[in-house]
Amino acid sequence: MKFSVPKRVRFHHCDPAGIVFYPQFFYLLHEVQEDFLEHIGFPEHQLIASGVGVPIVDLKTEFLGMCRNGDALTMTLELTRIGGSSIGMQYEIHGEAGDTRLKAHGVIVYSEVPNGKPMRIPDALREALLPYLKTPPGAQPHDQKTATP
Amino acid sequence: MKFSVPKRVRFHHCDPAGIVFYPQFFYLLHEVQEDFLEHIGFPEHQLIASGVGVPIVDLKTEFLGMCRNGDALTMTLELTRIGGSSIGMQYEIHGEAGDTRLKAHGVIVYSEVPNGKPMRIPDALREALLPYLKTPPGAQPHDQKTATP
Amino acid sequence: MKFSVPKRVRFHHCDPAGIVFYPQFFYLLHEVQEDFLEHIGFPEHQLIASGVGVPIVDLKTEFLGMCRNGDALTMTLELTRIGGSSIGMQYEIHGEAGDTRLKAHGVIVYSEVPNGKPMRIPDALREALLPYLKTPPGAQPHDQKTATP
Amino acid sequence: MKFSVPKRVRFHHCDPAGIVFYPQFFYLLHEVQEDFLEHIGFPEHQLIASGVGVPIVDLKTEFLGMCRNGDALTMTLELTRIGGSSIGMQYEIHGEAGDTRLKAHGVIVYSEVPNGKPMRIPDALREALLPYLKTPPGAQPHDQKTATP
């Protein structure tokens, strides 16, 4: 299942060429991460207040189309992997015509703050993440689940 | 040859965990790009004023070590490719002990503003870029040059 | 009449002390300005696309209470003056308990881009702004209107 | 005595009109504050690491001239008041021709982190601040000092 959220390109995202300055896309991706964690019942600000962080360790981004001030974007998130501590995050940004503007894949690590030591993702969070895990081609959706269907 | 520039982690780069919030690294990388283009005699603000932009189309980043408020960083840039319109940029961020904090590889495209149409990199700029092109292992440095030594 | 919009404090607004870093408040105020202009039918991105800007010339801010990651804020905007070219903007930020966190007053100028020359606010925009003009104590609301009641 | 530091307008400071987006000025002012505190021997990141913050409580800004990508700016800081806990900071930004682009006055408070409780400015810091205290018209510079000349 994909998590999807609309975002508007704001004036402050844009550069002198009138398009989104690329580091600003990562603020938007992080907003999607926050929206997602809140949606599944684990608001990031509560995780942080409890001494947990989710720093990013790897990020690959393809910039496929320019985004301009005022553009109405749809941003999606799907998980590519739920490991012991790490989570693979696949983001896409689409324009109003459905065209793909950006694809990004990040890996975040559930960690202790401030030392950054990886911690095992708690079972309750893992359960909440599972519905968003991308099903590999050919697999049955429930293969991702731990239990019988 | 590597282009190298010192940068200080500023308060505004840091997040509630006291470390650089990852999108802020890309502001620093872009500052290095600006410093580099100015150093080789092609200030980015002059390129832009002349109707040229250098949007990024691809970016891969490994976040290898946390950077904290006040850290003195050394940032380096080397070119991995100088194509017809595109330039491969290899960045590294090192801490005071020489430890690697971040590696990134970006591809930018010399383009018309605002339509984003790729343009051929002018010869004068190409010449100025060449000394920073990474020599492949086993190659002679002058293999990168167009002419005889 | 006050224009009111909810905003959430995001991770990226916060500094190493876990509170909103003060320049980030101005991004939020500018978002409110964008939301307001869109609400009254004059989206800022369309104004800009038509060669108009609304640069700020004066800003006074009182920071009255700390805002933390995840805080649900209510932001309000009221106009203190609609001049020939300039508009007085009174912002307030309130926490969930109704406590005031910030008060700001800005003056923006309806201007030509890129030369920055002030232009007369068009009548249609003026009409749309009028309902948000703060009534001076003792005045009748329709005193603000240009015509008969 | 004025503290003075050069700053360059960076691409990331600029908006679709090609001028500095006004919240970005406050990042620059905060950089000046950091540069100043480091210059007088009290680096802000060390203050913060020791449990002290300097949140801003009041800020007044006049935006007097546009700043464009690549502009070489001179930023100055002078203190208007050194109170028990609070410090008045007078900033100015000048262009290459000496023209004034921005004037700002902020009040920061030496405070405990994270509760924000004001603390008395330590004597050593007070001594280091004193040379930058603006002399009122007609006063002798040494009037600001605590001791006899």
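Chains here go by letter, A, B, C and D, matching the order in which they are written, and residues are numbered from 1 within each.
Rule of thumb we're sticking to: a residue touches a chain if its C-beta (ideal position, glycine included) is under 8 Å from a C-beta of that chain, and two chains touch if they have at least 3 such contacts.
Remember, predicted model here, so these are calculated numbers, not experimental data.
Novice: Give me the step distance from chain B to chain C, shortest route via touching chains only.
Specialist: 1
Novice: For chain C, which other chain has the most distant CA centre?
Specialist: Ranked by distance of C-alpha centres from chain C, the top chain is B.
Novice: Centroid from C-alpha atoms only, then distance chain B to chain D, rounded to Å. What do you get?
Specialist: The answer is 31 Å.
Novice: Find the geometric centre of each of chain A and chain B from their Cα atoms only, then give the gap between the two centres in Å, rounded to an integer.
Specialist: Chain centroid spacing, chain A to chain B, equals 26 Å.
Novice: Mind pulling the residue numbers of chain C that touch at least two other chains?
Specialist: Residue numbers touching two or more other chains: 11-12, 16-18, 23, 27, 30, 48, 69.
Novice: Looking at the complex, which residues from chain A come into contact with chain D?
Specialist: 11-12, 14-18, 21, 23, 69
Novice: Can you list the chain B residues touching chain A in their complex?
Specialist: Residues of chain B touching chain A: 16-19, 22-24, 26-27, 30, 48, 53, 55-63, 66, 113-114, 116.
Novice: Quick one: which bits of chain C touch chain A in the complex? Just the residue numbers, please.
Specialist: The contact residues of chain C facing chain A are 9-12, 27, 30-31, 34, 43-46, 48-49, 68-70.
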